Each structure stands twice: as C-alpha cells, then as structure tokens.
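Going in written order, the chains are labelled A, B, C, D and E, and every chain counts its residues from 1.
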Amino acid sequence: MSSITLDHHADRSKMAVSDEVAIEIRNMNKWYGSFHVLRDIDLTVYQGERIVIAGPSGSGKSTLIRCINRLEEHQEGQIIVDGTELTSDLKNVDKVRSEVGMVFQHFNLFPHLTILENCTLAPIWVRKEPKKEAEERAMHFLEKVKIPEQAHKYPGMLSGGQQQRVAIARSLCMMPRIMLFDEPTSALDPEMIKEVLETMVELAEEGMTMLCVTHEMGFAKEVANRVIFMDAGQIVEQNEPEEFFNNPQSERTKLFLSQIL
Amino acid sequence: MTSMTDPHQGQFRLSMLFNDTRYRSLTYQAIAAILLALAIWYLANNLVQNLRTAGLNISFDFLRDSAGYDINQRLIEYDSQSTHARAAIVGILNTLLVSFLACITATIFGVIAGVLRLSNNWLVSKLMSVYVEIFRNIPVLIWIIIIFTIMTAVMPAPRAFRGDTPEATMLLDMFAFTNRGVYIPGPYFTAPLFASAFLNWVLVLAVLAGSLFATRRMARWATGVQEQTGVRPTTWYFTLAMWIVPVGLLLMVMGLAWEIPALKGFNFKGGIKIGGALIALWFALSIYTGAFIAENVRAGIQAISKGQTEAAGALGLRPRRTMNLVVLPQALRVIIPPLISHYLNITKNSSLAIAVGYADVTATLGGITLNQTGRAIECVLLLMAFYLTISLLISVGMNFYNKSVKLEER
Amino acid sequence: QDVSTLDQVKERGKLNCGVTTGLVGFAAPDANGQWKGFDVGVCRAVAAAVLGDANAVEFVPTTGKTRFTALASGEIDMLARNTTWTFSRDVDLKFEFVGINYYDGQGFMVSKDLGASSAKELDGATVCIQTGTTTELNLADFFRANDMSYEPVPIETNAEAQQQYLAGACDVYTTDASGLAATRATFEDPSAHILLPEIISKEPLGPLVRHGDNNWGDIVRWTLNALIAAEELGVTSANIGELGASAGANPEVNRLLGTEGTLGEMLGLDAEWAKRAIMAGGNYGELFAKNIGEETPIALARGLNAQWTEGGLLYAPPFR
Amino acid sequence: MTDLSFVRSDMLPERAPPANEVGMVKWLRTNLFSTWANSLLTIAAFYVIYLVLANVLPWFSGGVWTTSSLSECREVLQGEVGGCFSVLTERWNQLIYGFKYPVDLYWRPNIALLLLAFAAAPVLFFDLPRKLLLFTAIYPFVAYWLIWGGPIGVPVTAFVGILGAYLVFERFNAANFAAAGLAAVAVAFSLWFIGGYLVDMLASDDPLLTPVASRDLGGFMLNLMLGVTCVSLSIPLGIALALGRQSNLPLIKGVCVIFIEFIRGVPLITLLFVASVMLAYFFPPDATVDLFLRVVIMITLFSSAYIAEVIRGGLAALPKGQYEAADSLGLDYPQAMRFIILPQALKISIPGIVNVAVGLFKDTTLVSVISMFDLVGMIRGPILASQEWNGVYWELLGFAALLFFVVCYGISQYSQWLERRLRTDHR
Amino acid sequence: MSSITLDHHADRSKMAVSDEVAIEIRNMNKWYGSFHVLRDIDLTVYQGERIVIAGPSGSGKSTLIRCINRLEEHQEGQIIVDGTELTSDLKNVDKVRSEVGMVFQHFNLFPHLTILENCTLAPIWVRKEPKKEAEERAMHFLEKVKIPEQAHKYPGMLSGGQQQRVAIARSLCMMPRIMLFDEPTSALDPEMIKEVLETMVELAEEGMTMLCVTHEMGFAKEVANRVIFMDAGQIVEQNEPEEFFNNPQSERTKLFLSQIL
C-alpha cells in the first residue's frame, strides 16, 4: 500500500477534542440475512475526534459507518448520534442525516447537475434555505476545497480528485457536525489522493468530527487521534496512532500492519 | 432475535404510521389496498349495475350451445352443429398454426436478411437495409391488408381457369394459384397399412423419427472417431441415405400417390388447399417480423467482437469453422431472447387475422361467437386468458433458456 | 333505471341513435358527412317527435359486434340498424324490438356469368358473408338442409365483402336482400350481377331499445307506427300542414296529429309529436321511396313492405 | 548472423497506393465483386432493383392525378401503364381528416399540428432552452381546443385546475409530499368543479370555435392524435408503474407487475375489443364515455406497460451510489426521485420510449378493426367501397404505407441519433 | 511507463539464435485506403530471435505483426514465413497461420468455452488431433503457464493476467514456431503484468522465435536480442537492446526513449 506524504502538515495541537459525545454505539449487532457482519460493536466518538478505521477487506468497516447514518439498518443494540437514537422512526433518521455528512469511495456526484447545483440541492430542499444563501455557502465551501472556478461545470468534466473534493464540499454544505468517509481516496490516482487528503486534513484542523475508513496509513498517523482496527465484524483493537502503529497488541493487527506498510 | 433497538416499543403514536419505517410501509400498502379495492369495487359495482339494468348475467353456458356457423379453415372436425367451445378451439388451433408457420419463415427471412446485411457486398447489404427499414416502419396491419388485397385482386379467380382458352393455367398441371388460395397435390396411399389415414401418417412420422435417431447415433459415432483419431469420417452420404431410404421404402409399400387438384364446380377440388387468408397473414407476419429479426441477428453477430474472429483466424480456423464454432454459439445467446419475444409478437399480431377473414381465435371466439351470442364480456375474457397463457408459457420458457446459457462471470 | 331515457334525451338535447357503419340507402353519410337513409329517417323522426328537431341526432356508427353493447350500456338510446328481431335477442339479450320497419330476408347475389339461377345450384361454392348478423347461421342451416357444402369467407364490413366478391374471391355474396340490392347499386355494372330468387330466412328488421324503460319503448314504437299509419291514412309531408292545422274529418288523423285527444300527453310528449315526426322525412312511404324505392339506384320494390291494404305486411295498430 | 543494427537516415515520404488500391476500381472490387459468389449476389441484386424500378417507374410517371373516378382514370390511361393517383387528390381531405370533419375547419387541426412541432421540440432536443417547456405544458389544452372546439372555458378550466394543483403541490411539497399530493388533487377537483359550473353558465350558444364531436375525427389526423395523446399520457403512467415495480412494498410491486405482465401478454386488438364492447359496462350507467376516449384509455394503458419496462431499464442502469448519495444528503424518496433519479433515468430511457412511441403509432391503425375511420379505416371502408374508387388498391395502400413510413422512419432516425449522442455524452 | 522487475531472471546465454531465417519481409508496403501505413519494410528474423518492436502510437507496429499472419493484407513486397510466401493463396495462409501463434492485447479468449476447450479447439479442428492428445498437450501448456487448476473454468471467471496466460497457452497448443505478441500486457494491472511477462521469459528461454510489440522496456532489455523502433510506418532504427537503449542513433528514437523511460 503506498503511503503518501502530505505537503501540508497537520498541526495536531490545533485540533481539540471535547468531552461531549458525538456518536455512541452500544452493543450493536447487524446481520445480512444470516451472515453476522457486525458483532457487539461498542464505540464512543467524542466531539472533534478524528477516527480512522482500518481492517482487512470484508471486515465490516463500510457497514459500520453506513449504519451510522442509517444507509444500513442495524438489528440489535443502539446507535445514538448527537443525542438522537437511530430507530425506525424516520424523523430521527432525518435528523441524524442532517447532522452527518458522508463521502463515498466513488464520489457519487449527480452527473446531470452542475457542481454548484450538486452542492445546493440538499440545502435548498432539505434545509429549506433560500437559493441565494445556499449558493453563497456552496461557493464558500468550493473555495475551501479549492475549486470555485469549476462551479458551473458538470461532474463528468472534472478529474477524480476534483470530483471527490466536490463530494466533500457537497457534504459540508449541509453543515454536518460529523463527517463519514468511506475509502475516499481508493478510487483515485496517487496525485489526486494527495489533493483529497489535504482537503481532509484542513477539515480536521477545523475540529470537525470525522470517521474515516481508509488504507492511507500516512493520513492516519498524521491526523487521527484514534485508529480502530476491525476484523471479522468486530473491533479488535483501538489506540492512538503512535501506539497503534509502533506497538500493536493483537496478532491480527500485527499481521495486517505487516502486510499494509 | 430480540430487539433492543426500540425503547419506545410500548408507546405507539399515530404519527408513527407515517414516520416509522416499520409501520410506514404497512400504512402505504394499506392505503394502496384501500384505493385498489375502491377502484375494483367501483368498476365491479358499475358492471353489476349495468348488467342488472340490462338484465344480463355473466355465464359461460353459451359455450356448450351449438355454434351454428361454419368455419372454412379447420384442423379438427367441426361443423355448424358443433359447440361454441369447439369453434373456439378451432380458432385457437388456427392461431397456433399461422403463428407457428410464421415463426419459422420469419426466422428464415430474418436470418438471411440479417446475415446479408453484414455481407461485404455493398449493394446487397444496402438492399437488405432498405428491406428492414421499409418493413419495420410501416404498420403490420397495412402489410396484411396490402398483401391480402393484392392477392385477391391480382391472382386469378378459379373461374379464370375455365373455358377452352382459359385466362389462367395451372403450374405444371399440379399447382393452382387462385385468389382463394393455393391448391397443391395432396398425398394419399393406395395400399395403406391401416384403415385410418391418420395412423398411416403416424407410421411415416415414426419412421422419420427412427431416421433422426439413427443419424444422431451416427453423428455421435463420428465424433467418437474424431476424438480417437482426430479425423472426422465423412458421413453425409450415409446420413442422406438414412433419411431417404427407409421412408421411401415405406411410402412405396403403401403406394403413395398424389391427388392433383382439379377444377370441379365452383372451386378446385382435391389436393390440399392453403387458404388465401392464411397465406396472406402468414406471409405478412413473416416478412414484417423478419425485418425485426434481421436487426436482431445483425446485432447479435456484431456483438461478437472482431477480436473473436481474429483470434480464431490467427489459430488457423477457416471462416466457416469460425462461424460455427466461435461466432454462432456466442451470437445465439444474444439473438435468442429477443427472437423469442418476436415469436410472442407474431402470436399476438396474428390476432389481426380478423382483417382478412382468417378464422383464428379472435375471429371465432372474439368475432362470430361474440356477435351471435352477444356475450361480449365472457368472450373477451376468454380471449385474453388464451393470449395470456401463451405469453406466460413463452416467458417461462425464455427464463429457462436465459438461465441455461448465462455466461459464467467472475 | 333511475332516470328515464326520455328525460336524459331531453336534457342532452340530442338523441343518440345507433346506425350501421355505412350501408347505402339505409344509413350512410353522404359526401358532406350528412347521414342519409331509411334507418336514419327513423332516428330523425324520433328526434323530431321528442326534441322537436329532426337534426338533433347524434349518429353513432356501430358494427355487428359493438351494437348490442352500445345499446345495453346506454351509449345509444335506440338502435336503428338492420338488426333482425329474434327470440334470443329479445329475451336473452334483454332488448325490446319496438316494431318492424323493414321485412327482409337473406338472399344471394351472384355474378351473371356464373350461370346459376337458383341457390340450390350453389353446392361447393365459396360464399362471402358479412358477419355479425344472423347471416352465418341462416347460411349454415340452408346448406345443411339442402345437403350442400360451401366455403364460408367471413368478412367484417360490407365494403370489404363487396370487394372480395368483385375480385372473384367468392362466388356468392350473401346478406339481407335489401343489403344486397343496396350493394349492387354501387357496382360499376349492376346488371352483371343478379339476386337469386331464394330468400332463405325471415329477417324482420326494426328499431330496438333496452328492456326496462317501457315509456321510452312506447315513444319509439309509436313514432314508427305513426309513420306507417300516416301513409295508410294518406298523411304526407306535403299535406300535413294543412291537415294538422285544425281538426279535420278523419278522427284518427286528428288523434294522430294531435288536433284531437291527448295521445301525446299520454306518451309524455306534446300534442304535435307525431306531426313533427312525419314532417321530419315524410311518412313511411315517402321515406321508402326517397331512400330505397324503385326510383333510387337501389330500386327495391315495396313487396312485403307495402301497407296491408295493398297486400303487404305493414299494419299499424290503431291510434286511439 | 549479420549485424543487426540499422538506422534510417532519411525518412520515407508517403506514397500513393498502387492504382488498383484506390478509386472506383478498388471500391467495385472490394464491395461488389470480391468473390465470385459476391459477384453473383451483386448481379441478382441488380436484377431485383431493375425489376422493382421497371415496374414502379412507368406506373408512377404515367400516373393520372386529375380524374374523379377509376373508370375515368382508365379512359385517360387507355391501357397504358400508370397509377390512378387521382384518388389521392380527390379524396385527400378524407384521407387526412376523415370524412366528417368540417371542411372549413381544417385550419384548426393544421395549426394544432404545427404547434405540436414547437411543443415537442424542447422534449426531444434537450439542448433547447428549458423555458420552451412552458409552451409544451399549455400545448395539450390549446390543441384540445383547436381540434374539438367548443367553449374555451373547458380547456381553460382544465388548465387552471392543473395549474392550481401544481402550484399547491410546489408550495407544500417541501413540507410533506403525501399531503401536498392530496391537497393538489383536492384543489384540482374543486377548481374543475367550479370551472364546470362557470363554463356551463357562461357558455354562449355559438362559441368562438365550433365544436366538433370526436367521432367526426378521422383519417391520418386520427392516427396522429391517438399516437401523440396516448404516448404523452402513458409516460407519466409508465413512470409510476416503473417506480411501483421497483418498490419494496410487496403489494404495490405485485399490482404493478401483474398489470404490466397482463397488458404485455395480450394483443392490443383484444384491448381495443375491451374498449369497444366491454368497457362501457364498467362506467356508471348514466355516464357514456365516447369511443375515442375509451380507445385512448386502452391504448394508453397498453403503451404505459411497455414504457414502464423501458423506464425500469433506465432506473436499473443508474448506479446504486446515486440513491445512496441522495439518502445520505437527507433527501426523501420523492425528492430523490424527482431531482436525482428520474432526470437521469428518463434521459437514458428516451431512445427506448421513442421506439415504443413508433410501435404505438403504427398500432393506432388497429382502431380500424373496431370501426373507427383512421387512415386505414377510411381506405378499407368508405373509399375502397365507393363506386368511384372500387379497385384502386396500390395507390391507396401505397399512400398509407408511405405516410407511415415517412413519420416512423423519421422518428426512428431521431432515436438512433439520440442514442449515439447519449453514448458520447459526458457521464 | 512503469518498469517492472522480474523475479525470474532470463539467462540470455541459454537463448540461441540460429542462422536459419524464420521470417523474411522484403520491401513491404501497405495502405489503408490511401493512407500509407507501412513503408518499405525490410526485416529478416532468424530462428530463435526475440524481437521487441517499439514506437509511438499509430506508427504501424500492430499492423506490421498482423501482416505477418495475414490478419491484414499487404499490397506490395513480400512476406515469407518459414519459406512460405504470403499471397492470396489460402493454402499458404493456412500453412503460415499454423506456424505462427498470436497473442492479442485483449486476450480474445472464447468466452463460451472452458479454458481447456479454448486450448483444444484449434488442435482438434485445424490439426485434426485426437481429442485426448489435444487435451493432454493443453494441460501441459496450462501447467507451463501455471494455471492447470483453472482448466475447467470459463474465461470470465479468471483475472486478466490469468486470461492472458491462457491466451499464450492456447497459441502454444498449435505448436507454432513463431509467436507474435501485440501489447500483451497493456490491458493488465501491474501485478498481472509481471505474471505474464514471466511466462514470456520462460518461452524465450526455450528458444521460441518471438516478435513482441510492447512498451515494457524492462522486458526488452532483459529478453530481446533486437529492438526495432518504428515511426510513421517505417523501421527507423534497430539494434541490440544495450546499444539501443544506451546509445540511440536517430533523433526520433532519442525523443521516444526520453519520454518512455
């Protein structure tokens, strides 16, 4: 696995972690049919934390973060996001989703809308913002991800890295308090990976709560304040990055790290 | 599984009907069910009311009554004293007959046109495109009428064959092409082995089936030899002999003779008559659907990338072998599913028989029976049930085929 | 029936009258799209009687297949199409035939050069039939009874049957004799075709309505009878103005024309209903002469359709 | 072994190919006479073309255009080969408009047809400014008024009802989709109800445009009207059915599947029988629905099932990520469908829909079987049976074939163009 | 252009080049329509030679090797393969094709046949071998390309690298004396490239005459005994790999190498 060095070094001291709980997962279990994909997950994420989730393929990383904004339903246990419990009550689901932004591996931009429209669609229709306001904020975030000049192009005309940055901006426009990233860079070429990671580092510096599934260990070392290692649907080990990388406890983690680094 | 997810389990609120995923789907379905039931109730109620005011009822008893009308094209025994049900069956068989014939010829037309359209002969391929475009873009009803009208208007009437200097003559003194249909010699036996003509023909078919079996065996033997030695023995003359000799002998023993149609009274008598309506419908459906099939065949063959032919060529396979071993097996997977839906279309389009007076099921059950009995609802329901059955059977068969040829992918 | 047909028609201001899709002389649109013909005359008479306007008719062309549904479902108020009065149609299909406006019978037309002079010589012939009437059944019975065989060619419309027949795709064309005459009249050379003398069935044709609304049935029935009676009584569209102005010598004429008695009121109409019906297109005889009579290309003789006083079957019940 | 190294000092210029590799000769050789079998085919093809032309050309060039009956035509021709095209000129109006549409009102359907081009353009060519869709939206009402005439209040009421429903829906959609939908329906019906009153009250005895009954429609105009009306009505229905078929609510899915499979399993002509002989029993006793409307209902149901299948294909072609992205942004189902899924799915489906439309347009000729006088019905019925033109087959049927060919070929060329364009489109 | 290092180093001393001529091309010209795609090609290939053909895109490399087994027709000059001249005589074409194997960029396996059937199809139908014998040899070559266990799978179930190795085995089953490769690795992922190149190196070691269009310069350096550089339809330079890479003569070669290395 290649490890990219970022030009823009994260200043970890800037990133404060509060005591407030952002996400609380208790004893959560999930099955696909009869396949037990997540087992007894217990996880507390504090406001401002930046968590990297790693683990072999199929270990349930994606499923875990997809449960957090209810793209998947869990069957047992509780997930409480910002004080709202995720149940089958749609009101709660809507509330949680407006607090949580998500960035996908394949960007999933809407190809028939311009970049700007991509970014303003949800604010206008979900948050009921006036169009003008929504557009202004969208431009603000597009500047933040450094592509304001592309605002009127269509996604198909952008490179992968640019598209992923748009996807990040699109999520930010909903002003989420928590951002979920599911392998945001794994579909990108190396140079583009860098662009996107840098954007994420900036976000981290602003204190955004982040959960990120990634194989970019460089990013994990530099930005995360906790690394969670999953295997076979369970959290096997979690620790601060230094400890995690230099001194892994479990056998599985060791094996995994030996392969990936 | 015990659910710990939902602490509010006990407190059911009305808003949960719309906001809770568990109830919402039930709510929506309940609403849909109510709306559906209302709609059905409304229609049914109107129907009942209308029938009551008209003093009618729904009953299929009329099927047992005698039909009272004659049908000129029939595959089973039928006369005007037979029941309406039997008339419907005669119609169904006629539908199946014309559909079956049209499926075969449409496939032939389609395959020829599709392959020729890919020919590297510019003129021929253009000509085939013209055929395809012309037939695809003009309604099939117009084709049926054109062909039928032209046939009745241009072909001679039987009376044209009469007289000392007739305006029309029979082809080879055996075939008569008239505007009522084509008359061809009909085979019969002078020394039949069974009294019933039907059994004799069954015997002939049995012998043919035997030949089929034998040639199959020989093909398998040839393959075996090829696997052993690498060289496939030449068998085509054996095959030919196996097809011709036994059946030829049997026919000779039974004294096969041909009844030549001859003009007697108003019409030609003797031999086999293929009615004009049947021919027109058959031909129109074939040539119309053939244009669609041609497109399929072309698309199917083109879907096989040039790389496949090149690879086969590079391995030293000759073009004909390449076609048989590489292109066709792959193309067929692409061609057959749409082909089957074209067959279904032929069956459905054969209902236009009514425009040319061919007695298919739409013309008997949905036509004369309906007129005579006034049982519109019953007749139309039966008619739809028939077509639905056919199309369900065909789509079941198609799913079966699709499953069996699905390419294994990674 | 909740609302009576009469009220519906009045409210609508138009009479919906079912006719054929086109049979020259009986009902067919002319070059200007105006419906003309003998059956059409009946429709107009009813419209005139009920609504006071002979043109307040919506003609609904129906085929053999659609006509009964159209009537049963209320799409049309009455059907004035060459429809044979049979037991099962009356009883089983629940219609009410209100009278007979044309006594017909199924006949055969052949081309002269076929050399046939009787239907009994048609063994083995190919016969074009216009489907959707009782024709197929009569034909089957006739050939069966005479132990002859034939090839039926069933065809939906008169137009196409005629075309097939002319092209020689069938030797014989059979339908009601009136229809045959009407069809032959449109041929380029009518004299090259003859109608065979046999009439193989009774085909009493008449207007019909639904079961259940007897008042409406009465209106149509007595409008038809008024046309017939008018001819018998010598009331024509020419002299009706004069006769209807005031009560005259013949009390039946007076009752008919509303100058005496309250017949109109009993029907739920006004006194002059019959007068208007007769004025719409003339009495029965006038309608006949104008549309299908001997002066017209169709050239039908009155025959059975003459008044009973002249040896025919037309016999209107008394107006009293 | 010799020395392998070689360096080219001067580059070779491009040379023209040998003479038999270019131009006419090469073209003929590779395209027409590459093998002897090919040469045979070529000759056969030429012979076929010759046969067709030899028969058609004299018939066409010798055609007669001005007589008023077939017998006159034959007199003019005097045994020469030639078509009797005068039937087309003499019966032109009947062929195009049917035999009952008032002659002095022909300008109305003509204008409607012309406007149709403008209304359809923004739908068919999505490069055109979206504003033009406004005209498309009012076109149906204008066209209805032009063709059927009658009090202008009727189409205006219909339009106002729908406009009101739309406005209400837009207003409340953001709050609650279902409620907005119900409110919209309620508004539409109340507006129609009030409008119906007003129209009845205000209707003058002779409206601006003389009313024409729908059974007076006929000829090719009828085919076009049925085609356009049914296709445009069946698209929304088709979308609903396609969404229903994708739904995870078993009841709704089941109903949609049964409906679609049922309709696709029976021939259109039996459905037309339903319209002509059966449907009347399903309407309330005192409401008579005219045949045109019943036929429109049945054909619409018919084509909506086919369109639903096309749209289902479009929906299936969308990556799952699009649904998930919409979900994760908090868009609800109607919003996701309206802004994300349908715009994309429909765009993919347009070529398929156009193909269904062509098929449907061809199928409108089937109405002649239930005695409506469309183009084919006119030819089979009144014209061929008339005394003057009994026997003019080739000309009439050829004309019908030509009309349909021109329209259908045009549309299918359009759909192919569109397919090519969508394929190269940025995605 | 990435350059892959092969684990299995080719032992160039093993690979003998005889004096016998395998392919002789004299003054060959070819046009597509009026476009002069191959110009005055002169090339002699000896038995056992391993030639790599390089050059910019569109320079006619593919066309050249496709002419050698008559997938394309040339219009002027001569191509003599193993003593048989390629003319429009079909006999000769058949003969040449049975001597020459070809491996395509996109493998072109027959998807409806199993791997084994792919390999035995031509031997059975073209060389008229008994099925058993053909299968035995096919298994032999499948072992050689290290995928005997896939013999009964379908091509669709194999990875790209495996498919390309099957394609090589399929060609070998016809026992060709010459193998042509047209960019055999350019449709593959890096790891798979390695697999395939190693198979080719083994072939080279066995003394197979090979012409290979490729951009894998590592392979060229290690295996080829001649590199041919084409541009604009002509052979611009040819030389031994060392010389070619270290000391290119023509300007165009220099430019090309500077871009590619």
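Everything below uses one rule, namely that a contact is a pair of C-beta atoms (placed from the backbone, for glycine too) under 8 Å apart; a residue touches a chain by one contact, two chains touch by 3 or more.
Nothing here was measured: the structure is a model prediction, and the numbers come from that model.
Listing every chain that touches subunit A and subunit D alike gives B.
The chains touching subunit B as well as subunit E are D. With respect to subunit A, maximal separation of chain centres occurs for C (centres as means of Cα atoms). Here the C-alpha atoms of subunit A line up with those of subunit E after a rotation of 165°, rounded in steps of 5. With centres computed from CA atoms alone, D is the chain lying nearest the middle of all the protein shown. Averaged C-alpha coordinates give centres for subunit D and subunit E that are 54 Å from one another. Centre-to-centre separation between subunit A and subunit E, using Cα means, comes to 47 Å.
Averaged Cα coordinates give subunit C a centre that lies 90 Å from the centre of subunit E. Averaged C-alpha coordinates give centres for subunit B and subunit D that are 27 Å from one another. Counting partner chains per residue, subunit B has residues 18, 50, 53, 149, 153, 354-355, 370, 376 touching two or more of them. For subunit C, residues that reach two or more other chains under the stated contact definition are 1, 65, 69, 72-74, 156, 163. Shown for subunit E are the residues that touch two or more other chains, of which there are none. Taken pair by pair, the chains that touch are A-B, A-D, B-C, B-D, B-E, C-D, D-E.
In the complex of the two chains, the subunit B residues touching subunit C come out as 50, 53-56, 68-72, 80, 149, 152-153, 156-160, 179-180, 264-267, 269, 276-277, 354-355, 357, 359, 363, 367-368, 370-372, 374, 376. Interface residues of subunit A, counted against subunit D in their complex, comprise 69, 71, 94, 97-98, 100-102, 104, 106, 108-113, 121-122, 125-126, 128, 154, 156-157, 170-171, 174. Note for the complex: subunit D touches subunit C at residues 71, 99-100, 102, 213, 215-216, 273, 276-278, 280-281, 283, 285-286, 288, 290, 369-371, 380-382, 384-387, 390-391.
By the touch criterion stated above, subunit C contacts subunit D in their complex at residues 1-3, 8, 16, 21-22, 29, 33, 58, 60-63, 65-66, 69-70, 72-75, 156-160, 162-163, 166, 186-188.
Listing the residues of subunit B that touch subunit A in their complex gives 1-8, 16, 18-22, 24.
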